[in-house]
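So, here come the structures, one by one.
Shared between the two complexes below is chain A, which pairs with chain B and chain C, respectively.
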Partner chain A sequence: MFDQLVIAGIATGCIYALLALGMTIIFNSSSLVNLAQGELLMAGGLSYVSFAAGQKLSFALALILAMACAAWVAMLAEGLALRPLRVANAPIVNAIVMTIGLSMVFKSGGEVVWGKTPLPAPSPASTTALWIGGISIAPQNLLIVVSAVLAMGIFWFFFDHTLIGRALQAVSTNREAAWIMGINADRMVLLAFALSGALSALAGVLVAPITAAAPTMGTMLGLKGFSAAIIGGFGSLWGAVAGGILLGLSESLTAGYVSSGFSTFISFGLVLLVLFLKPAGLLPTRR
Partner chain B sequence: MWRRLGALGPGILLAVMWAAPSPAAGAAAAKNPVKIGYVGGFTGVVADLGTAHIGGAKLAVEDVNKAGGINGRALELVIYDDAGDPTTSVTRVQRAITLDGVEAIIGGTHAATTMANRVVTNQAKMVQMSPQAQNRELTQGMPWLFRVGTMDLHNARALVALMIKLGYKKPAIQASTSAFGESGARSLREALEAKGIKWVAEEKHKEGSADLTPQVLAAKKAGADVLLLWAQGVDAALMAKTRRQLGYEVPMLGLDSMMHASALPIAGEAYEGVIAVSIADTSRPDVRELFARFEKAFGAAPATIYSPLLSYDAVQLLARGLRQVAPPEGKVDQARLKAALEGITDYQGMIGPKGTTWRFSATNHDGLPEGASVFYRVQSGKWVRYMALADLGQM
Partner chain C sequence: MAGRRVRRTVRVGGPVLALLFLAAFPLLGLKPYFSQLMDMLGIVLLLILGLNLIFGYAGQISIAQAGFFGLGAYTAALLQAKLGWPFPLAVLAGVASPSLLAAVLGTPILRLKGYYLALATIGLGTMVYEALEQWQDLTGGPIGVMGIQRPPALDGEALYYYLIWGLAVLAFLMVRNLDRCAVGRAWVAIRENERAAAAMGIDAARYKLLAFVLSAALAGLAGGLYAFLNRYISPDSFGLNYSMILIASMIIGGAGTLGGALIGSGLLVLLPELTQAFADYHLLVFGAILVLVLRFLPRGAWGSLRRHVADHRAGEATAASPTPEPQALAGTPR
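Entry: the complex of A and B
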């Protein structure tokens, strides 16, 4: 049973990790905690359903289009709602509240466009489980882990080994210095939002075949992604991943061994415990 | 300019977020209508349930008005959206009573909101019809609340009766952590105890979970031969898929919440053979006709088979009471309305098999009698009426 629970926990942990990564990328580039991150996941998940189930496109194409949709929504939010606040030098709290409002707007928008009933999402992964050494592995979970690892690998490469990625990092480290060096910080922030939207959309596409896609699918997941980012140390990319996996594992193991009713309580209790012992999170950035 | 926009932005957005929604324009603008406040979740977590409810209610209002309304006065629904949130539900009901002058309340869409908003109507001494919530404490200590629907204990007993008939002996209870699930789990425990059956495991899950592996594994470890579910459609679908994925293909028996329109497409083959108990009987021609009217009027079939029927009966029952006490103009006397509803002992509505008779009294506000249950089973990818509880003896 332990191995089974670990596998399930890692799969959900990858979803949380992708969300936490998305929040971290936005935070690093604009010091903003995006509380509408879950809704970007929702935008990705629901558009994927429209493309894959509605238009019958292939998985790869539907995925790319879904990521593009969520990226577009994120950029729209940044350009229209959040940039004016940044330009006006408003306190960051205003922007955070704005993201709360945006999450509600997105949820209502989702209801208007896709309706309120949960929609089934197709997946290239088969529904027959793989049996390896007495443990059953759902192909969907395998897809989640592989995709997440691939995405994280691509992002790591992007951030550390491409010019644009380095420019984004520069803006995160010191905005004014980056401007002086000729990097258009505003454009970089827009890019960060687009990447964050795309990552969250990927998470949405991966989780939708399991939970069905609905306008409310992002609420709880967004909250867990936020907790994962805090556990790992807000602002640290590796921390976001570690926090996500840890949260997923703790949920799965406590549900299996302690009590299934307490798992949420214990997961969020973990957040408190980590912050108590290591206030900066598990893998904080050296800033 | 950007700075000013930037400063205004959050203010405008906050104002939009917190603006109280105005009640929807009622039915035909007749003068002197009898207004009923309908509080439900039409957006948010229970949005599709709420939409199914209000559809049934609107059709009922149409029928009431076609049959002469309330002694010549038109019946009118004033609709409030609480987004499935208990706190919002309370404020909506308060507004309906104090500002908009409704004569009665119908709502909320599920146990969580109804448990909260019934306090308001009770304090205001106004009649409320609850068209969904099944938890038994709903009407306790609430003399102004009338339950239009079944009690989860009755459903639990029906499920246990079927379980025994089908020969299963080691059930595992799988319930959600919401008010609905908690009450359902308690009723299942009571129903099993009453038959001397010990459940081998009791697992809980949060609604909307992305993974139910721990819960299914716990049941498997305990050696359960059947899963008794009290869960929402999507969670039931996930549980069905998970048990199949883990090579643990036990039968699943549960509540009609599992029959939600979204569940079967998600579960696919994993739902084959799953049995649900419901208070809707789709073999009745009048029920089928109502669904056809629903689809024509609102463009899509309701998400659940029971929601429109519950709302329909709620409106019709209330109308019956109102006809006895509504004056030609002016407010309805709440105490007299309450007494009129308590005096209903022979209402036959859309809920239950044909001939199911509702009986209210001063001490019984849960008017639907026990036994109005019908079982449905998934056969070849479709929900099919399996049998009525009353016919269980002939199995």
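Entry: the complex of A and C
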């Protein structure tokens, strides 16, 4: 039972980690906390269902299109709603509330487009459990972990080893200095939103076969992603990943050993405790 | 000057007319549908006035208001339906329980700022909601609480209406008076710059806690009244969505202003009714209005109106020195 819970926890943790990573990328590039991150996951999950089940496209193609859709939504949000606030030098609270407004628009927009009933999502993974070293693993969980690790690897390579990725890092580190070096900061922020949307969409595609795809699917996941980012010390990319895994594990273990109904209650209790005792996060890593 | 006389007439006549309308409303003999709307308007006004204290005046983002609302409603409902407490005691307990929660958790929560504070209040609101839904032995879970009984004396719709609006008007006056005394000035000072406020000798932690507890108390009062109005409650009314809708209404109306609280609560109650064609999609309309307001009128409807009038007056007095005002709906140190 313990092994099962750990594996399920790591899989859930990978979903949180992808969301937390997405929030951190946006935060680093624009000092903005995007409370609509879960809705980007929802946009990805639902458009994936439309492409994969509706249009009968292959998994890979539907995944790429879903990631593109969410990236496009994120870029629209940045360009039309959030950048003007930054240009007007509005206080941070206005921006936080703006992302709340966007999350409301996206969620109900999703209901207009896809309806309220949860849609079943197809998955390339089979439903019969795999036995690896005496432990049974649901193939979907394996798919989640492998894809998330792969995506993080690609992301790391892009971030550290390509010119655009390094430009993005430069903007995160020092906006003015990056500007002097000839980096277009606004374009980099737009890129950060696109990347963040794509990562969240991947999380949505991976989680949809388990939870089914519905306009409300992203709300709670988004908040967990936010919690994971803060547990990891907001601003640190690998802290976000570690925070996600930690939160997923603790949630899975409390659901297994304490109470499944109260697992969300306990998760947020732990998050509050972390905020009270160590507001800089449990994993103080370098920015 | 004619302008001044008009303004004085509006300032005195407006509230008098509003009170006359409120007093005469049940006598108009309108359909129960309208009195239901008016009752809800009073309850929502209490919620938004409360939210205004912590978020609008003191500038501390709080996404927990629906949680306090739910805690108050469930406390009052369960004490009446299960233990048979009399109405006034049940409602008082409904005020007390969220206030107590806010008093206990307020100090560590309000030490946080910006997005940390946002997450902490989201966490608090979600924990209350989850407790209401999951603690089935006590709360009845998703089914909710039924069989909440009003005392026979308050059974008439008109009397209950007067009770709700009497309390709402009292709360309105309380917030107005707080706004105009040292407490309100301290809140605004904290909102605009907490460090500067502390340097002026304002005990920021204490004033923030006061705003938080009062906002929870008003939400609890609204909750108790709501439980006895509907006679049935379920967790659905008290989720995170509702906290967000309350924030949206407050900001659309104008954060940190009394007129804004009135406009916001009117919008929150009437918009879903006016947009019946959108069925359940009033969240879309709300979100869209919120996004547009933040983008183009960051002070909200009332704030912008007041600003416009002030500019007009300044032009009238030919004292052409527009006072710069921060664009904040609620400022936190950046």
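Just so we're on the same page, the second predicted complex is superposed on the first by the 278 of 287 C-alpha atoms of A that agree within 3 Å, B and C clash if a C-alpha of one lies under 4 Å from a C-alpha of the other, contacts with A are read in each partner's own complex, and residues count from 1 in each chain.
Please note the rule applied: a contact is a pair of C-beta atoms (placed from the backbone, for glycine too) under 8 Å apart; a residue touches a chain by one contact, two chains touch by 3 or more.
This is a predicted model, so every value here is computed, not measured.
Considered on the superposed chain A, chain B and chain C are sterically incompatible, since they clash. Touch criterion not met for A:Ala60: it reaches neither chain B nor chain C. In the overlay built on the shared chain, the residue A:Ile180 is in contact with neither chain B nor chain C.
Of the two partner chains placed around the shared chain by superposition, neither chain B nor chain C is touched by A:Leu163. Chain A has more of its residues touched by B than by the other of chain B and chain C.
Legend: residue contacts after superposition of the two complexes on their common chain; A:Gly269 is shown touching chain C, with no touch to chain B. By the touch criterion stated above, A:Leu35 is placed in contact with chain C alone, chain B being left untouched. Contact with chain C, but none with chain B, is seen for A:Ile230 once the two complexes are overlaid on the shared chain. Legend: residue contacts after superposition of the two complexes on their common chain; A:Ala11 is shown touching chain B, with no touch to chain C. After the shared chain A is superposed, the part of chain C among 57-65, 93-101, 255-263 or 273-281 that runs into chain B is 273-281, by C-alpha clashes. Overlaid on A, the two complexes show chain B and chain C touching the same residues of chain A, namely 81, 84-85, 88, 90, 94, 97-98, 101-102, 104-105, 107-108, 111, 116, 261, 264. Contact residues on chain A toward chain C in their complex (touch as defined above): 33, 35, 81, 84-85, 88-94, 96-98, 100-109, 111-112, 116, 219, 223, 226-227, 230, 234, 261-262, 264-265, 268-269, 271-272, 275-276, 279. On chain C, the positions that touch chain A within their shared complex are 59, 61, 63, 105, 108-109, 112, 114-116, 118-120, 122-124, 126-127, 130-131, 134, 240-241, 244-245, 247-248, 251, 280-281, 283-284, 286-288, 290-291, 294-295, 298, 326-332, 334.
Here chain A touches chain B in the complex through residues 1, 4-5, 8-9, 11-12, 15, 81, 84-88, 90, 94-95, 97-98, 101-102, 104-105, 107-108, 111, 115-120, 127, 129, 131, 136, 138, 207, 210-212, 214-217, 220-221, 251-253, 255-256, 259-261, 263-264, going by the rule given at the top. Residues 2-7, 9-10, 13-14, 16-17, 42-45, 47-48, 51, 177, 203-206, 208-211, 213-215, 217-218, 221, 233-234, 237-238, 241, 244-247, 261-262, 265-266, 268-270, 303 of chain B are the ones that touch chain A when the two sit in their complex.
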